[in-house]
Amino acid sequence: MITIHNLVKRRGTQEILSGISFKARPGRVTGFLGPNGAGKSSTLRILLGLDRATSGNALIDGKPFAELHNPLTTVGAALDGSGAHRMRTGREHLRWMAHAAGLSRSRVEEVLDIVGLTNAAGKRVAKYSLGMGRRLGMAAALLGDPKILVLDEPVNGLDPEGIRWIRTFLRERAASGNTVLLSSHLMGELAETVDDVVIIHHGKIVADGSLEEVIGNHSTLEEAFFALTSGLAGDVV
Amino acid sequence: MRAFNAELSKLFSLPGIWLAFLIGAFAPAVIAALDSIAQKEEIIAGLSTRLSEVGYIGLGLGVQGVIILGVLAVSSEYLAESSESGGGQQITTSLTVVSSRIHFLLAKAGAVTVISILLSVVAIMTTVSATHLVLGEYTPAFEWPKLLGAVCYWAFTALLAFGITVLTKHGMIPLAVLIINTSFVSFSFLLSKVTKLALYLPDRAGFEMFMFLSNRFLTPFKGGLVMFAWVVVLFIAAAIVFHRRDVAS
Amino acid sequence: MSFPSSKKITRILGAELDKLVTLPSIWITLTGTFILNLLLAASFTSVGLQGTAGTQSILSIGLASMRYLQAGFIILGILATCSEYNGGQIRTTLTTIPWRGIQLSTKHFALAIIIIPAAFIIAASGVLYTFTMMKDTAVVIEIDTMIKTLLGATGYLTCTTLLSAAIGALFRRTTPALVVLLGYYFVVSPLTRDFPTIRKYFPDTAGSYMYMPPSPNEINVLTPMQGTGISMLWTLIFITVAIVLFRKRDA
């Protein structure tokens, strides 16, 4: 379970996050939505120990990221891009990660097969298309078969087959008791995938609940989103 | 003309350009001052054999600023963005706004030349003031032909850096090679002791334009011509490669 | 923060070694430096052969290329740390190995493991070339002096590489790190030749005492041991600063 509690992040004079709190529960896919610059990436980066919060905490099963015993087998993260050096091959990238986490090379091949990159694994990451890079990021996240997945725009750049594959894959993972937290801009796609929704706007949470609760009286998630993020909540768009 | 202005504004908005300006404006003065301090007693006593090098040594060795300028002008085009933005490089945008690649290259080279000439003028002013500060009335006069030679040396060096970076796309090798070569530990000077041919290397030949070295090989004019020839050849090679290359590679 | 076990540190070291070994630019730079060294050894040797026979020191000529060689190793150091910031790899590294202090120091250690044999081979090859060309005309040297000097040269190049890696970790971009390091080693340092008393405590000058026999008319020299100590101290200081900042900064 992921617990974000009163997270505040200030950079210089600008307050990026103003005390946000929410939970991502096991067995459910939690969608994290918000306009550009709302603070989604900042929250995820603080959760993963990449950035430092000004105050508040972001815990994974009660512990901060840096205190996890073997991070790769607990939390799998796919942030922007492929996260790989452009001059390495996909396989080399996954191999050093596996080495660091004490996983075997055969696991690397398994994971490449899951995301469908086995043929491209011997090519340099610089030659990957956008979608292939995202698949590599996904492979890295799945390497340790973690209980928790944190994904930032996982569908970005994927072809229709890939989009459908991710949707089914994430639902299956949640169904088997894992936690999935994903952020996205594609409302239609997200509405098909998530159970819970958290909407962030200007560094504050404006909606937090199950998909049905957040949609409420609006017809679609998209309508609800625009209603909640333009002006004050409750305004009719 | 529009392309030229565009290239000028691109250069001025580069983050690293201020490092280049700072080094270009002040490094020669510092080097000249330190060298003059070391030579001070000899000059006052009238025994100095390196009198004609006073001040100019700063301009010769402080050329690092324009090297950074020439390299950054090109390497900034090839800096790949993170793959979230599709791995795009500025070069794709640049080539869609100009009519031809040669046009683009000439405009950029022109902008680099103009800025390095301006920078060298600033450097000359700071160097002359610094030398005056250290040596006072014993400062030898700075002659116009030699100062012109120094300005040419700076412009040609910037264009050499520019040309090499067009070929390598990545700035690390040209930066390393040129910074070392124009420092106190130069390859060209070492090679010139091994073979006479090395005296035709661009920086060694270019030095003749304004530094009177103990073993002068070419007249200033010929030295400038040799360096200019190198610049032209390199530019033609760069233009051919650039014209034929796929941007995505 | 719970301190990772030794098994974990071995795994991290293995991963960092994997990373270095699979980075093509490291091998390209090493090969380039090796070739450069042979070319320089050839140049210096031919200049040396033009001089009077019987007065040349094989070691001085064989290691005269050190001033240029250090550029190759500076580039290696910068590449090792700045490559983390390519393609967003730093995010992957930190989500796999979140213990930042351990990660950066292990990276330096992995770099040392690769650099030490490489530096020895490169330095030795230059000296060997000079030896074969000049063994009849030069002053006779003993094997153990040669070994000691080569070890000193290897140590100097390793310290330089690690120091450059620390600077690379501080700047995070290759261009400023390269300009600062090359500017110091090749421009600023020779300029300060006129201030010998404090100069001998600078990293490169102190380091040069690790492998160069002092010339007879120099006062205030350091012994090779003192030179080694000062070099290592500078390297450790920069690595520590790099680690401290790495732990505090956002990725």
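Order as written gives the chain letters A, B and C; numbering starts at 1 within each chain.
What we mean here is this: contacts are C-beta pairs under 8 Å (C-beta built on N, C-alpha and C of every residue); 3 or more make two chains touch, one makes a residue touch a chain.
Treat the numbers as computed from the prediction; the structure is a model and nothing was measured.
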Core chain by centroid distance, with centroids computed from Cα atoms only: C
Of A-C and B-C, pair with higher C-beta contact tally: A-C
Most distant chain from chain B by Cα centroid: A
Centre-of-Cα separation between chain B and chain A, whole angstrom: 48
CA centroid of chain B to CA centroid of chain C, Å: 28
Euclidean distance of C-alpha centroids - chain A vs chain C, Å: 41
For chain C, residues contacting two or more additional chains: 87-88
Residues of chain B touching at least two other chains: 82-83
Two or more partner chains touched - positions in chain A: 80-82, 86
List of chain C residues in touch with chain A within their complex: 1-2, 7-8, 11-12, 14-16, 18-19, 22-25, 83, 86-89, 91-92, 94-99, 248, 250-251
Residue ranges of chain B in contact with chain C within the complex: 16, 19, 23, 27, 30-31, 34, 37-38, 61, 64, 68, 72, 75, 82-83, 171-172, 175-176, 179-180, 183-185, 187, 190-191, 193-194
Touching residues (chain side chain C, partner chain B) in the complex: 40, 43-44, 46-47, 67-68, 71, 75, 87-88, 174-176, 178-179, 182-183, 186-187, 190-191, 194
Touch list for chain A against partner chain C, complex: 45, 48-52, 65-69, 71-72, 75, 77, 79-89, 92-93, 95-97, 99-102, 125, 140
